[in-house]
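Letters A, B and C mark the chains as written, and numbering starts fresh at 1 in each.
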Amino acid sequence: MPKKPPTDRHSPFRRKLLLGTAALSATAMLAPSKLFAQAFPTAKVNTTGLAVTDTEVTVGILHSVTGTMAISETGSVEAEKLAIEQINAQGGVLGRKIKFIQEDGASDWPTFAEKAKKLLVNDKCAAVMGCWTSASRKAVLPVFEQYNGMLYYPTFYEGLEQSKNVIYTGQEATQQIIAGLDWVEKEKSAKTFYLLGSDYIWPRTSNKIARKHIEGHLKGCKVVGEEYFPLGHTQFNSVINKIKLTKPDVIYAIIVGGSNVAFYKQLKAAGIDLSKQTLLTISVTEDEIDGIGGENIAGAYACMKYFQSLDNPNNKAFVPAFKKMWGEKTVIGDVTQAAYLGPWLWKLTAEKAGSFDIDKIAAASPGVEFKGAPEGYVRIHENHHLWSKTRVGRAKLDGQYELVYETANLVEPDPFPKGYQ
Amino acid sequence: MSNSLFGKRSYDVIAFVLLAVLILVVLPLTLDAFRLNLFGKYLTYSFVALGLVLCWGYTGILSLGQGVFFGLGGYCMAMFLKLEASSVANTKIQSTPGIPDFMDWNQITELPFFWRPFHSLTFTLAAIILVPCIMAFVLSFAMFKRRVGGVYFAIITQALSAVMTILIIGQQGYTGGVNGITDLRTLLGWDIRPDHSKVILYFVCCVLLLGCILLGRFVLTSKLGRILVAIRDKEDRVRFSGYDVANFKVFIFCVASAFAAIGGAMFTLQVGFMSPSFVGIVPSIEMVIFCAVGGRQSLVGAVAGALLINYGKTVFSESFPELWLFAMGGLFIAVVLAFPRGLAGLMTDQVMPWVTRMRNGKGGATPSISPSPAE
Amino acid sequence: MLFGYSFGDLGSILVMQGFAGLILFSVFVLMALGLAIIFGQMGVINMAHGEFMILGAYMTFLSSHLFQTYLPSFFGIYFFVAMIVAFLVSGAAGLATEWLLIRHLYRRPLDTLLATWGLSLIMQQAFRTIFGAREVGVELPSWMMGSLNVSSSIEVQINGLFVMALTLMITGAVALLMFKSRWGLQVRAVVNNRVMSGAVGIDTRRIDRLTFGLGCGIAGVAGSAFTMIGSTSPSAGQLYIVDTFLVVVFGGAQSLLGTIASALAISQSQSTLEFFTSGSNAKVTTLLIVIGLLMLRPQGLFVLKVRK
């Protein structure tokens, strides 16, 4: 049988991190007072045979570190490791240090299912932070339901799903789309929209919701084009010509991965000036801008829930801590931040439930609040998604977003939106 | 010639028995249900490798599109299972109950016509074999009649797998798109998800695999098999002798695609979903590698290759995910450069003669035939 | 939808659409040329072709960094230096590959396919280890971005023009090399009859090695040029390979002219279809048409009579 991988791979970071936590006082102050393991005997907090000892609790990290998705998932892995370090530095969960086992999904959905099963069945992980694409989540979902595991899923996604065994820490589609469209309609007096997307479920579902909202709820607005491209497509000149021809008020782009780079470079080269042409995207975070180049996308608007530039005390502590651990040059995008929430929400839920048992965690999740989130306050909804704000940012030359709008209140997650299906 | 052939034959029988004992007795006794299910998954890839032994190792047709056939078989099975899982009772929350969930998400309100026959298990079982065979026939008939082969055939099959992937992903209302067909539950009311079902499916898979090996062996040892080898080594001469070379090639390619499709169907049953990521270029080439490592001219060797590489992948990627691609790439190169006949070749060329020598106590016994590797 | 537009609009779109097709054509030629040379000469399909392109792209990325740090005043022209570096590094890598790997496999063309696939895996992981899994952004001199206004509604992309000029130059250089130089004469001789060429004193091994190196070098330049229009990441090479192989095979293996003609056919049909349908459909339709035509004419568009 294969040996379990060493779990404390990043101990060199620990000292740095302990120094770093001084800067984290904001987060630390908000955290509950230190809990002692003695108060929570293992037999009581773990009645279902999870990997919990008197001093340690094991969680899994399941992302792609090889293959095409490694580009996107690296940030999530980094954020989850940071959160775990910080939680351990504060005394862990129910007095137990978190130990993690990392598995590679290799950008391959069956591998995700295989590894998820290993983490649950062999390693008895109390929780798993992981998955990025919808396809990988769909592949592991039956595994989590069958073996009763707990998954913290970080990516904004298309909705249409709700499971007792998953906490969705990213936005579902309506949270990301509707407020942004309302804003652009009001602010830019936009009437015509051109919808673009990579050809798979998330962009298609998102554009479907966008179209319903534009045509049904925004007065006098219409969709003048809708188009999809294979994943990895690199030639956008034809569609750019079509855009020039139809002159839409807003280009609504949900293009992902390597195609993004090609799309924005070609858009710029074709003379479409994003300071004049409004472009709203829900797929380009600071991570993607790194590859696209700030000069190619400056002026575009993105609708997210988190930007690295957010000005609040939590984020002011989070960003330096992240950079301290992973290097000055790393950037933090929306999903990276959502991934950071996973371990924290799990810790808070376990403490609320006073147990690691999956059923108790699932039951205790609704209503759990995390005041230390870099995006600001978040709360888990009954449907296991997060209440969070929707924000619009404008891309700057340096690859950062400048916040131009945020909703006044938290937006309710609605994975099965009525009237949008 | 005949002497060495008999020698080889006895190796084949020994190898077959060893493999049967390994997968039917040793693995189930030593592994827990989770690992056994993993091996069940690996075994499904070895169906593809078996097909490749027939068409690549013996006939010299390299196909880089076997994933297409694996996928077609798998999708046929998945369609049947999905329909069963999408009964009206299970899908009450949808706007149109009774159709698969992904169709509902894509505003499809009626089951498409080509899905309907998949309510029947008999039709499904037939389709698993026939659909890939028809596809293989159409493709290969056109090509082989025009005497296209070699690298061209490889590249065109590769393009085919690219087209299939884009098609499946693009038509997500009918195919489930990039997510594939997920959340499969029961087969005629029998739950395929619990561990004990997986064990049964594992044994079904083993039996089918052993059956395919015997079938493959029957084909290869028949007169047909001789012609195939002749085609590989000197196609023109076979043609001049009055054989219609194309028909033989088409036939063996269809057999290979049927094997791959059986593997795909078993994959769906054991893993519980099917997605376009098995249809693409990368898995198709990986399957060729399983075959090359195990030995492109040995049926049992190909199965062993698929098992070994996949097991290696699982173990290696658990401990050193970053190094896995280096190891895999290095293995490809090493096998191609140093052991073109793979593990099986290593056994018959090096190990067995050595064993014989040891036993006889003198050198130089039993030189095995080594037909030049396929071009 | 076409008829909602004014004639003036339609006219300029026609021009710009034609231009888009030409850019795509240049990209295809640039991608396929290196592969075609190698395939035509040696019958070897280099599955790591995409990775050699990405190697060139990473060299461009490194050069842009070096220039920004040490020679910021020359940043405007760094791209030319970068392309030369890309050519040399990819070419050298190609020579090494030929020497270590390919030359042992000339008798087994299908096996070179597998070995170079293995190489491509190793290269991808090496990029990932060295440059990180994330995409890198290659900053371009500002004069290369943007477009020229020909008329009020017709705009021509500068980087598109640049790719076209580059393609023209490289194709011209290759043609000159093939048909006017001594080396080219030897290459053509070896393609026609390897044994006989050896017999008259041509060092066929050396010719093979140089051809392979040249093909990989051109791939490097192509990769360098593609930083203008696409992404640079460890697995980006995979995005290009299918298109590249199809262009080469469709063109007929041993003919550079065929490669160019097939690049033209494929690019024009794809870009036109993209305009009238959508990205996804256009891709599938084009691939299906190509496969269909290959079944009718499996040798490709142009075939050189070869004595084996």
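Keep in mind that, in the parts below, a residue touches a chain if its C-beta (ideal position, glycine included) is under 8 Å from a C-beta of that chain, and two chains touch if they have at least 3 such contacts.
From a predicted model like this one, the values you see are computed outputs, not experimental measurements.
*Asks:* Would you identify the chain whose Cα-based centre sits farthest away from the centre of chain C?
*Replies:* That would be chain A.
*Asks:* If you tally contacting C-beta pairs, which pair wins, A-B or A-C?
*Replies:* Between A-B and A-C, the larger count of C-beta pairs in contact belongs to A-C.
*Asks:* Give, as an integer number of Å, the spacing between the C-alpha centres of chain C and chain B.
*Replies:* Using C-alpha averages as centres, the distance is 33 Å.
*Asks:* Provide the C-alpha centroid distance between chain A and chain C, rounded to the nearest whole angstrom.
*Replies:* 37
*Asks:* Give me the residue numbers in chain C that touch at least two other chains, ranges are fine.
*Replies:* Within chain C, residues 125, 128, 238, 280, 283 contact more than one other chain.
*Asks:* List, in ascending order, every residue of chain A touching at least 2 other chains.
*Replies:* In chain A, residues 65-66, 199, 228, 230 touch at least two other chains, as defined above.
*Asks:* Please output the residue numbers of chain B that touch at least 2 other chains, ranges allowed.
*Replies:* As it turns out, chain B has residues touching two or more other chains at 166, 170, 322, 325.
*Asks:* Contact residues on chain A for chain C in the complex?
*Replies:* 65-68, 70-71, 74, 199, 227-230, 232-242, 244-245, 257-262, 265-266, 268-271, 287-296
*Asks:* Taking the complex as given, what residues does chain B use to touch chain C?
*Replies:* Chain B residues touching chain C: 56, 62, 64, 139, 142-143, 146-148, 150-152, 154-156, 158-160, 162-163, 166-167, 170, 281-282, 285, 288-289, 292, 322-323, 325-326, 328-333, 335-337, 340, 373-375.
*Asks:* Quick check: in the complex, which residue numbers of chain C touch chain A?
*Replies:* It is residues 5, 9, 13, 16-17, 19-20, 23-24, 27, 125, 128, 132-140, 142, 145-147, 149, 155, 157-160, 226, 228-236, 238-240, 270-271, 274-275, 278-280, 282-283 of chain C that touch chain A.
*Asks:* Within the complex, which stretch of chain B touches chain A?
*Replies:* It comes out as residues 34-35, 37-38, 41, 93, 95, 101-102, 104-107, 166, 169-170, 172, 177-180, 182-183, 193-194, 271-273, 275, 277-278, 314-315, 317-319, 321-322, 324-325.
*Asks:* Could you list, by residue number, the parts of chain A that touch chain B in their complex?
*Replies:* 1-3, 5, 65-66, 103-104, 106, 108-111, 113-114, 117-118, 121-122, 133-135, 138-139, 141-142, 146, 160, 199-201, 204-205, 208, 228, 230-231, 416, 421
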